[in-house]
Amino acid sequence: MSDLETILTSFKNGTLDLKTARTAIDARFFEDVGHTTIDHDRIRRTGSAEVIYAEHKTPTQVVDAFAALAARGENVLATRVSSEGFRAIAERFTGAEYHTAARLVTLQQKAVDPAATSIAVVTAGTSDLPVAEEAALTAEFYGNPVLRIRDVGVAGIHRLLARADEIRSAQVVIAVAGMEGALPSAVGGLVDKPVIAVPTSVGYGASFGGITALLSMLNSCASGVSVVNIDNGFGAGYLASMINRL
Amino acid sequence: MSDLETILTSFKNGTLDLKTARTAIDARFFEDVGHTTIDHDRIRRTGSAEVIYAEHKTPTQVVDAFAALAARGENVLATRVSSEGFRAIAERFTGAEYHTAARLVTLQQKAVDPAATSIAVVTAGTSDLPVAEEAALTAEFYGNPVLRIRDVGVAGIHRLLARADEIRSAQVVIAVAGMEGALPSAVGGLVDKPVIAVPTSVGYGASFGGITALLSMLNSCASGVSVVNIDNGFGAGYLASMINRL
Amino acid sequence: MSDLETILTSFKNGTLDLKTARTAIDARFFEDVGHTTIDHDRIRRTGSAEVIYAEHKTPTQVVDAFAALAARGENVLATRVSSEGFRAIAERFTGAEYHTAARLVTLQQKAVDPAATSIAVVTAGTSDLPVAEEAALTAEFYGNPVLRIRDVGVAGIHRLLARADEIRSAQVVIAVAGMEGALPSAVGGLVDKPVIAVPTSVGYGASFGGITALLSMLNSCASGVSVVNIDNGFGAGYLASMINRL
Amino acid sequence: MSDLETILTSFKNGTLDLKTARTAIDARFFEDVGHTTIDHDRIRRTGSAEVIYAEHKTPTQVVDAFAALAARGENVLATRVSSEGFRAIAERFTGAEYHTAARLVTLQQKAVDPAATSIAVVTAGTSDLPVAEEAALTAEFYGNPVLRIRDVGVAGIHRLLARADEIRSAQVVIAVAGMEGALPSAVGGLVDKPVIAVPTSVGYGASFGGITALLSMLNSCASGVSVVNIDNGFGAGYLASMINRL
Amino acid sequence: MSDLETILTSFKNGTLDLKTARTAIDARFFEDVGHTTIDHDRIRRTGSAEVIYAEHKTPTQVVDAFAALAARGENVLATRVSSEGFRAIAERFTGAEYHTAARLVTLQQKAVDPAATSIAVVTAGTSDLPVAEEAALTAEFYGNPVLRIRDVGVAGIHRLLARADEIRSAQVVIAVAGMEGALPSAVGGLVDKPVIAVPTSVGYGASFGGITALLSMLNSCASGVSVVNIDNGFGAGYLASMINRL
Amino acid sequence: MSDLETILTSFKNGTLDLKTARTAIDARFFEDVGHTTIDHDRIRRTGSAEVIYAEHKTPTQVVDAFAALAARGENVLATRVSSEGFRAIAERFTGAEYHTAARLVTLQQKAVDPAATSIAVVTAGTSDLPVAEEAALTAEFYGNPVLRIRDVGVAGIHRLLARADEIRSAQVVIAVAGMEGALPSAVGGLVDKPVIAVPTSVGYGASFGGITALLSMLNSCASGVSVVNIDNGFGAGYLASMINRL
Amino acid sequence: MSDLETILTSFKNGTLDLKTARTAIDARFFEDVGHTTIDHDRIRRTGSAEVIYAEHKTPTQVVDAFAALAARGENVLATRVSSEGFRAIAERFTGAEYHTAARLVTLQQKAVDPAATSIAVVTAGTSDLPVAEEAALTAEFYGNPVLRIRDVGVAGIHRLLARADEIRSAQVVIAVAGMEGALPSAVGGLVDKPVIAVPTSVGYGASFGGITALLSMLNSCASGVSVVNIDNGFGAGYLASMINRL
Amino acid sequence: MSDLETILTSFKNGTLDLKTARTAIDARFFEDVGHTTIDHDRIRRTGSAEVIYAEHKTPTQVVDAFAALAARGENVLATRVSSEGFRAIAERFTGAEYHTAARLVTLQQKAVDPAATSIAVVTAGTSDLPVAEEAALTAEFYGNPVLRIRDVGVAGIHRLLARADEIRSAQVVIAVAGMEGALPSAVGGLVDKPVIAVPTSVGYGASFGGITALLSMLNSCASGVSVVNIDNGFGAGYLASMINRL
């Protein structure tokens, strides 16, 4: 909170007048730049810059946000980007990369300090891979080594057990599954690390677009499991990175 | 269909008049005895006598139904019987037995031909035992040897694996679980026998009285799994017996 | 469990060194071949090879999986295959057959031992036929004679009754219905065989894409009925085959 | 509409002044008597007097309403009356009768013109009888002969078929069922009369307090079926009477 | 039931042999003609021929069913027919008529005896008209005069009141509404005739495709109201006709 | 109520005959002009003319309604208008304006008396802007100054706090948010003015098309908050105007 | 914002040191007094003191909170108070009053400035009165005249119309209804004032504890209607007061 | 994996025979001791001993499990213990402590190594304290310093902001809230540490026993937030400890 003290001291010194002091107290936090309110304070508060969620935005809105963040020299991450959206970004940012299955766009402008320990991304089935990749690429964007363990759903439990030691080598585990969503429970019973469960919308009939997997994960009988929204690979990757870098 | 032929032939012979022939065609099937319509034809059609579901019935209604079935010399099974209900039965039928946890009442009046193969009842947790016992006792009522495998939920998957050979020795498997309901998927991946999944209402919060386990089981990624209603141990035991005795 | 004994004995003999013994213990179970983890152990554990669920997969992923299974000389079954998916398969496997309504692809490479008893597939309405065919063709893929009984929904109950003897001639019954899903209850009251109920997404308004039929079937007042997921014809056919071949 | 003409004419004649005319126009409809607004116009509009729904009311409120209606010489009907509620009524109205299972109270003060045709009340199981009785007694309260057909659920369809001719003799059919709620579909396929379906809250697990039966009935594949609220025996009986007396 | 007597008598006379008698007993009811089971008995049982529900059927299936019914000289009604479906029908049946908004096809081949009393179809808003027309045209198909009262939702209650006398002139009322579905309650409070409530899928957000209207109608505080499935104009029209012609 | 008195007096005078008097009593309220029932009385009763909800209507229906209202010289507002719908309107009404994002069409034919105080429209994220604009433009259509505060969701709460004084300057606040819908609670804790919460369908997975935001808002722990339907920007703007002009 | 200026000026003057200045900036807002964080700033921000929601609290917690607020000389309002809770309050505050049906406790310690205009509380049925009284008493607690209109549900719409002028005399209308919740739509079509809709949990079966009424109100086709939580009479009364005193 | 090597080597040496080797391979994992299957391997796999979930168990079952764990010298934790359950424990374990509000029982038999960093437990309202205490006491049981921040819900957001620096001092944050569940979003926007969101069942009406808070938290617009089951304070405390001690 030294900033506030600086402002107060400057005000006392007469360097700042009353009105300027009040504005400065506010301005530590954000700035209104037209249709968007840039949250300058976010890095200080939460440790990382904003990420663009492109789903409900027009290509123009996405590119504008992308440019605003790129201009500050940061690495930029955009999620749920359509191929149209990426074409619009690529016209202005030749270094931007599109990860098709995961629908992520990344722009690396500066090196990230690599984490010392790794994150495991464990996936139940092939159909869950797009969400798993969103998680894995997000974790990599923030500098974490990622260990990918694929196609080890509980209906063939030996596949999972055979890789238990590998999974235990990670500091955090992301478990991605659709249908009955049982993977995080099985993983949670094998490791002594936090498990972030990601339900996917993979399935049909009474899977209800991921609700079944979500409910299953929330009711996991294994300890150390928490859950993010359906298909929220980004959220899992971000949280895993945060834990891995504590 | 020889019965119908007999009636038709008797009618042709003049042994039966028209009205009697029509009544006889109907009477092959059932008889109206006041507040209940006894289904005489049920054993012929489905292979076993009626079972009394006592949940929404008064003690008097339960005892009346019990007596009607006992009078025919059959073994009698009543499910969801309260302790009050059992006391009412026990006053008239000293041989009736009450299985407290499962809330079943059985009356054995004649020997049942034992099945050659057994049924495994696999349970996720201690809290699921009342439902598992309803299934196991029902299977035993119909003459099936039962193998009880308890407390082998997926959060400690090695407990289940260690008993895989035992489970594989059964002809049919009943898998009982609440919370996230993942057990049937794991079992289904281990055996080449039909798995009857029974969701239980054990859990809290987003388990919604068994809905989560039910949905999870319906979406099982393992093949050979089918599902009965929440807490329907009787239904599972009955079906398992039917399959085991094919 | 002789395999494990062989490995242990070879290890004791010195035929296997420690590292190889450990790998061999694992390798009895599965093999990691890139983006897929092939479950070699599945036939031993569950009695049949993997089936390809094509719904959420790219044509390439489907063909790759198809090829991997075909290479082992097995008959191959793929479900929920789009016409694009089939074209991709057909380019490489001229013997592959597409069952349009059911969206199944089958490749028969060796004869299947025919089952001695048959499976009845009973359908409520014409609109339920695609799901019923998925069940029937799956049962036939595994070598079971199938008896198809169509268009016998409960609103014209005499149609069902007239065919009761035929249905009773089967060892297992699959009952397929959408809308109010009452068919399995009626069938379950007529036969002394296991009834596998398949709710379909046929209907409108408060049928909620099959939820009503699903709930109705789970609450069936007939005994011997169990339920699979909405539109899961494959699951029903597979389970019916498993029971029919016990 | 002659009343309005009378008022207008009287007003023109000078028999009524302006204020009185306006009040009289309103007063054709209702009267505010403290905590209740008596709907005098209801008989004219809908053909019968108000019925007391006692569920959420205090005994005092119930008795007050009962007295208000009784004072006008009408026959009085109160539904969902607790035994406490009935005791309060019985203290003041010795002729009031309590139908325990159905929780109805009736007070007959004058003869009802009997209907020429009858109403059939068809019930799936013994546990559904309280709701069925609410329907049957309501129909009788309004002067309709009632034919009670009990315990003819679809799991023993021959019981229902055997009584088809009886059911067809009625002018309107009320079909009462819990669990999977399939009875109205079967009945609707047998008769050429309107079928009023009443779902009951009988069941457990995925019956969800009657929701399954309700949904099943709304999706009936039989024509001529409409549905009332869960456990709404009164509503069915009232509507059946209205149709029967058209 | 004279048919059965005729068969039995003929059998006794020796006119029919045993096998033929059994077949004849069955054949009173239906006939299996390939992919469809024609329900010959339906007119006797329920008073009218089958109606084709075209939603989930292929054009070929629809035309086949249409032809089968037309061949018997009956008037034919098909619901939920797409424009493609109608073109296929029109190629073979030049007299077939398409009611675009309601998506009904009718073919009149013989005169229908007109009903003496009329049916009112009351609609809340312009957007509900397609469903209302399905109901009205169905009622007319069965020979009932129909009174259409449009755009009288409860948010402008005087519009409804002004037409109360008209509505009361009908023998049965169909009330069609989406959104909050309040119209049937208001109508039910105005008339002494059965009200058939039809919820429509008109609305947005928390209208949930008609669920809100459906629930609202099931909970109507007015007596004499029953409900059919969401958007089920046909069902309402059919039932109204059945009641109107009792 | 002077109108009624005038009619009554005229009738007494003989200026009106009986039939005309009755018609005049009705006609104060509405007029049936074919497929629509125009609610003349609406301005008197509710203070403003009808608004056209175009979602489920054909372009022709929309234009007809638009013309009917425009002909009376009123300003006209249509919501949820597709671009096709607008083109149809624009052909006849050159002054009609299309607000693309909000999908509103407005036609200003006369000046509106401006309100003295303003309405704040506070929005959580960029994706919520279309709904927010529907609210803001509706409020402006009825003559209210509107203060737009964008992109101030609770995950960056300082952005909201910094603008608290601005928000407090308004007389009514509309708070628009999707996802977890927390904005109205935060706003409600900052101001002493009514807060109208508008949930939007923005989000994915367990946001369920706005249900989560809706439920969140209904459970707001802040006082002074009420809620309208999902995406109902118009309803919020209309209500805000009504309150602002009291 | 003068407070902040005072602190800053005092700090500049040297009257306040740095630490005290920072504490003072914070302390304008709240104070931590053990298990509760008193929100001193609430009156400034939102115009009224805290209200005690007693539902999930122990009597001790309720009395402590009551005492804390009473000590500041304010009038105190507590909602959802059990009779046990009230006895605990009454021991210490003899002036506290218990409104039994509404379960409110009020303590008036100083006069409230009466509002110039009134609030109408319109109730559908007798069973909804407790919630309506919670709303009415809350409105009176904040000094608003309240007009109570009872028992005017839409099934007897004339009762409502007859009182339309009375309702129109109020500045804000609260409409309270359970079951199908149609009252607010009818009221909203009659008045040009904001309507606050309160769904109640009155009903049975498919009323789902008030969900049906809630959904119905959210989908109201009348403009000017917003909704609060089920049974939230307090919220409606508070908001109505806020609007009435703008 | 040294254990497996030891067994294999011993077997090679002849120290172990074949059968014993196989048993030993299994026995590394668990032991069947009657009605419970003790998971010896759990500490190795997941880092901590089993915890007793007492909700659905009889006092005898709880005490047995408690004794089994206590006998191994570990500290014991039991959750959801009724006062009856505690009395049964206390009879045998005088050192066991009951935390009434949280319903936890703890038995400390040996010192726990204290964590270097702390966990913040932030609570929205007084009614959420029991769940928050379950989380806090669990975290303390595992040796973590806990910082309790109470009564800082978003409706008085300044209370939360004032304590932001304190919250930021923790390594992990648990945010506990019922009703609209907005607290985790606000907290997540303030800190750069993982936030574990715990929805509680506190609320009424449309809070649906915690579903609203759960959904709200799953849809949080803040990054770094994950969710556990409704009222699952234990799960949050356990996971927080796991993260804090990485």
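Think of it as A, B, C, D, E, F, G and H in the order they're written, each chain with its own count starting at 1.
Everything that follows uses one rule, which is that a residue touches a chain if its C-beta (ideal position, glycine included) is under 8 Å from a C-beta of that chain, and two chains touch if they have at least 3 such contacts.
Bear in mind the structure is a predicted one, so any value in this text is a computation, not a measurement.
Any chain touching subunit C that also touches subunit E appears here: B, D. In summary, the chains found to touch both subunit F and subunit G are A, D, E, H.
Repeating the C-E interface, with the same residue numbers in over half of the contact pairs, is the pair A-C out of F-G, A-C or E-G. Taking each chain's centre as the mean of its C-alpha atoms, the one that lies farthest from the centre of subunit H is E. Once the centre of each chain is set as its mean CA position, subunit E and subunit H turn out to be 58 Å apart.
Rounded to whole angstrom, the centroid-to-centroid distance between subunit E and subunit F, based on C-alpha atoms, equals 38 Å. The set of subunit H residues touching two or more other chains comprises 1, 156, 188-190, 205-207, 211, 214, 218-219, 222-223, 229.
If you sketch which chains touch which, the pattern fits none of the simple shapes: not an open path, not a single ring, not a star, and not all-to-all.
Chain pairs that touch one another: A-B, A-C, A-F, A-G, A-H, B-C, B-D, B-E, B-H, C-D, C-E, C-H, D-E, D-F, D-G, E-F, E-G, F-G, F-H, G-H. The touching residues of subunit D, counted against subunit C in their complex, run 124-125, 153-157, 161, 179-182, 185-186, 188-190, 203, 205-208, 211-213, 215-223. The part of subunit B that touches subunit C in the complex is made up of residues 1, 42, 45-48, 51, 165, 171, 188-194, 196, 214, 218-219, 222-229, 235-236, 238-239, 242-243, 246.
Interface residues of subunit G, counted against subunit D in their complex, comprise 126-127, 129, 150-152, 156, 158-159, 162, 202, 204-207. Every residue of subunit C that touches subunit H in the complex is listed here, in rising order: 1, 4-5, 8-9, 11-12, 18, 21-22. Residue ranges on subunit B touching subunit D, taken from their complex, read 26, 29-30, 35-37, 39, 41-42, 53, 55-57, 61, 65, 80, 199, 201, 210-211, 214, 229-232.
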